[in-house]
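Please go over the structures that come below.
You will see two complexes here that share chain A, one where it goes with chain B and one where it goes with chain C.
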Partner chain A sequence: MSAFWYYVFTLVFFLFDYFILAMGLNIQYGETGILNFAYIAFVAIGAYVTGAASLPNAAGTGQQYIMGWGLPFPFNLLLGGLVASAVAVLVAFIVLRRLRTDYLAMVLVSLSLVLYDVINNYVPLFNGADGLYNVPQPMAGIFHLTTNSFIPFFAVVTGLIALLMWFFMSRIMKSPLGRTFRAIRDDDGVAGALGKNPFGYKLTSMIIGAFYAGVGGGLIIQFGGSFNPTAWLPGETFVVFAVIIVGGVGNNVGMLVGALVVETLLIHLPAFLPEIPGHPGLIEYIDTMVVGALLMVMLWFRPQGVVPERVRKSAGMLADRARGRGRELTTATEGQGKSGE
Partner chain B sequence: MTLFWLSVGFGFVTASVLAIAAVGLSLQFGITNYINFAYGDFMALGAYFTYVFNAEFFHWNVWIATVCGSLLMGVLAVIINHLLFSRFARRFSKTFYVMIVTFGLSLIILNVVYSIWGPDVRAYAMPIERVVRIGPFLLTRDQLLVMAISVVVMVGVAVMLKTTRLGKSMRAMSDNTTLAMTSGIDTRRITTITWFLSGTLSGLAGAVLGISEGNITPAAGELFLFVIFAAVIVGGVGSIYGAMAGAVIIGMATEISAAFIDPAYKLDVAFVILILTLLFRPNGLFSRPKG
Partner chain C sequence: MSDNVTPTTGAPAYALQCQDLKKAFQGVLAVAGATFDVPQGQITALIGPNGAGKTTIVNLLSGMMQSDSGRMQLVGTDVTNWPSHKIARRGLMRSFQLSRELGGLTVLENLLVAPKHQAGESLFNIFFRPLAVRREERENVERALETLKTYGLYDLRDNRARELSGGQKKLLEIARAVMAQPRVLLLDEPMAGVNPALIDRIGGYILDLKASGVTVLMVEHNLNVVEKICDHVIVLAEGRTLATGKLSDLRANQDVVQAYLGEVINASTHG
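Here is the complex of A and B:
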């Protein structure tokens, strides 16, 4: 295979990986309405735990990290997701119970920065600013993969995992649990009045979303073999938000479209462009500016995203409509055009 | 003990810078009701405007450059609000949309700064200062001037809010925008003036941070933003006096803690105070009921 195809498969990997990450943020923000501005921190936790669990004992590797159990592939990934979920429980109990939207956003951004600061400075945890490296390639021994053939192989594995997680996510979204999430998103007071405990459901949503974040992060470290703090600056959360907003909040197909447009076409494809002579890094800077601008343009002209959320109808609503008493149906972004003054 | 008093001195300097920044953020939040996540990048821009006036092109005295850089940032904030924020705020009732726009703007400004000035650390052109000893504190003349500026700004903002017609209108708007509008207050004009003040203060804070730290980097504002958030939340979001008090608490706590623990964890001390405040007094120490 030529180098071109390795590029293509790298892009395919990031497409599927960000699809998973977007689904996780979508259930938190798009379905339940939690503004999780610390999302990338959960991705990082998943990545570090997956990596550290699969690495051999730290003694003699020249790195410092906890765990080092040499855990084989799917189990370290699962562990990464579960630890991210466990951290989400902790975070939810501290911040989700009484904070208003803007407080919540500020505290979560701060949390993301502080976690970054601690992991960056405290070397014994995950090797500090150098991050983890030389993480073993999963299943390479079983299938006799080389460094090159590993790329398409793992892109396909990620695709299968994404498919599985898509299946589970769409089941959750169609279930009564998903309906309750959306009820809380639209008005948690009303949901509470109907006997649903908003905090309990927000907690559940945080746990599920954080698991997706953790698995997505784990796949990143397994694919690249390394992970360090530059990969998860707090601004990266914004990229995931861009994916779900461009794709369409509240819709899984939209997540895939968003991942394709933002992550694959805008973030990773330009990395293969040649540098502008005399201006190192300029392409990357312009690239990030374009992502920011695209998001504003999308919010202004098409706030419902490329693939809008489907209006869900219950049997009762359909019966009403048949009798000519159609109720007003709204989604997260519809009805936002009115002035809020 | 000397180390302790030294860090108390630095605490005053950090608190001064933080107070300017926190008051700027709080003023704007009180009026418009959404958080400006680009505030840290406003600070960086103010610092780099000052750098242009001071070292890159004009070679003015650093304090004159600071004034010009801050005012320029104030004007830019008004333009940004007019072209971007106010439009999104009028169109969408959920603050999430404006917050995401400020987040996006933060990404754009940061990368504009990187593209123009590059990632290198830069410093203002200013004479090297002799250290002055005042009581147990060791400070440079510039650091003393930073504190003086901060005190002047705080008193100025307090007097403006208490006595002038503008200040009263601002307080009325921050209590209840609709009521203020029906009472004949020109809310658009007040919003514009508030953005000018907030932008100017952010620019001033950025430049003064650069002066007291001795260097400026594009990402310095973003890291500082979290400390501002901590100060604002500890003091009570939207309360100006709370922001001032929060700035003193967070500024002193981070610097004094650096005398006892590894200074790399300074930020985390601010975060611990933030979490404790949220657990025991979730609306901040100086919050007032909001209608």
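Here is the complex of A and C:
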């Protein structure tokens, strides 16, 4: 495979992966209004757990980590998502019951810094600052994949997973649950006065979002085979925020657009550009500045994003109703047939 | 309006009972020992000068604020310091003096949020009982559209709620509360800033709600409205219940006239 296709499929992978990450943050922030400035920590937890669960027992690998069960894909990925969700429950009980908006955001940033330091320094957990490496390539044995063919293969697998997760997420967002999330986003006091327990729903939203974060992180470590603290500097959270703000908070198509513009075109594409002679790493810095500038321009001129949240029209609900009724009519006639009419 | 308290056997005669409620804000005693009962199935007015603590009482009763001391009962159940969502699930709904619409949601969606215990609010049901979710949702949409027709908001159903006018928001708040099928409805100045024709309409809605068995407690400054639709009046001054009874009786009460009615009567005769 030529270097060109290698690059293309790497970009495709990151497009789909950030689509998943953006959907997870969107349900928390875009739908429920939780300013989760610790989002990247959940991505990291998913990555580490996915990696550590699929690695063999740590003895003799030269690394230190917990688990080491040799758990095959996709079970390790699922575990990564679930552990991220479990941590979200813990975090929610600590911070979500009392704090809101800006105070909540500050506490979450601090929490993510604390977690960063712990994982970076407590080596027995996930090998400290060195992070995990030599993580086995998923399904490589089954499909006889080589180092080259693995990249396009896994980009496609990630695309399929993203599609599945998109399906689940749009079901949630269209449901009464999604509507209650948005009610809490708009005014959690009113939602409470209407009988909705704001904490309970925020907890649910955190769990769902953290699962998406964890799976997105797990896919990253499976794709690259390694993951360490440089991959999740706390500032990375803001890249995911940039994705959802540029794309348009509150809808999934926007998430895909945001992932394409911010993550694929601005963050990863320039990484393939030749270095500016004499200034190693300069492109990366310019990159970060461009993302920051884009974020400001968007917030100033188009805060609703490229694809704004759409109004859920009653006609759409009525169409759903008609479809539902059609189905019910058939079941009703079936029922009648059975009862011998 | 005649005094027609006829408690059905077994059911408590009072929808709400408050004993010695107190609430202070950084030293300001907003509610300073309010004691009153709200008879079931009637329309009760909560009146008093600005700053008397009326809104604070509504906040306490709806669980949006916690009282410093005192007790409150909702249809016989002690709900002192319950969180607002639990009180709401017991059948108490409220509106807000300054409208608090769910701005990003459409008018229809504002109503659809209100029904309690929706099947589609559980992740499990969304994926494993989709038909039950859809059936219930369809019923709710139908009922919400009917309610919007009743309140004259049907044509605005697809507008984002933040785009409504002040008066329309007042209507939306009542419609949303009604959508939750409350037993007790607290209305905080439902007619403030509303034109006279709409005042009459809202008055009619409130009477209809009473006819359907809902207990209403409304904060209201307009005594003509109180006279016309309220069965019972609670006068609040400086956080205390000054008097309770029928408006006609209260007009004869010297304290009440001094504390509140005097101002209003004078204002309405001279202004």
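Methods note: the second predicted complex is superposed on the first by the 313 of 341 C-alpha atoms of A that agree within 3 Å, B and C clash if a C-alpha of one lies under 4 Å from a C-alpha of the other, contacts with A are read in each partner's own complex, and residues count from 1 in each chain.
In the analysis below, a residue touches a chain if its C-beta (ideal position, glycine included) is under 8 Å from a C-beta of that chain, and two chains touch if they have at least 3 such contacts.
Because the structure is a prediction, the values reported are computed rather than measured.
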{"item": "First (chain B), second (chain C), both or neither touched by A:306", "value": "neither"}
{"item": "Partner chain in contact with A:98 - chain B first, chain C second, else both or neither", "value": "first"}
{"item": "Touching partner for A:172 - first (chain B), second (chain C), both, neither", "value": "second"}
{"item": "Contacts of A:125 with chain B and chain C, given as first, second, both or neither", "value": "neither"}
{"item": "Partner chain in contact with A:190 - chain B first, chain C second, else both or neither", "value": "second"}
{"item": "Which superposed partner A:238 touches (first chain B, second chain C, both, neither)", "value": "first"}
{"item": "In the complex with chain C, residue positions of chain A that touch it", "value": "168, 171-172, 175-177, 179-180, 182-183, 185-187, 189-198, 204, 208, 250, 309, 311-315, 317-318, 320-321, 324-325, 327-328"}
{"item": "Footprint of chain B on chain A - complex, ascending", "value": "35, 94-95, 98-99, 101-103, 105-107, 109-111, 113-114, 117-118, 121, 234-235, 238, 241-242, 245, 279, 281-282, 285-286, 288-289, 291-293, 295-296, 299-300, 303, 336-341"}
{"item": "Chain A contact footprint on chain B (complex, rising order)", "value": "29, 33-35, 37, 84, 87-88, 90-97, 99-101, 103-108, 110-112, 114-115, 119, 177-178, 222-223, 226, 229-230, 232-233, 237, 262, 264-265, 267-268, 271, 274-275, 278-279, 282"}
{"item": "Complex interface listing, chain C residues touching chain A", "value": "62-64, 83-85, 88-89, 93-94, 96, 100, 102-106, 108-109, 112-114, 116, 118-123, 126-127, 131, 133-135, 137-138, 141-142, 145, 157-158, 160, 176, 180"}
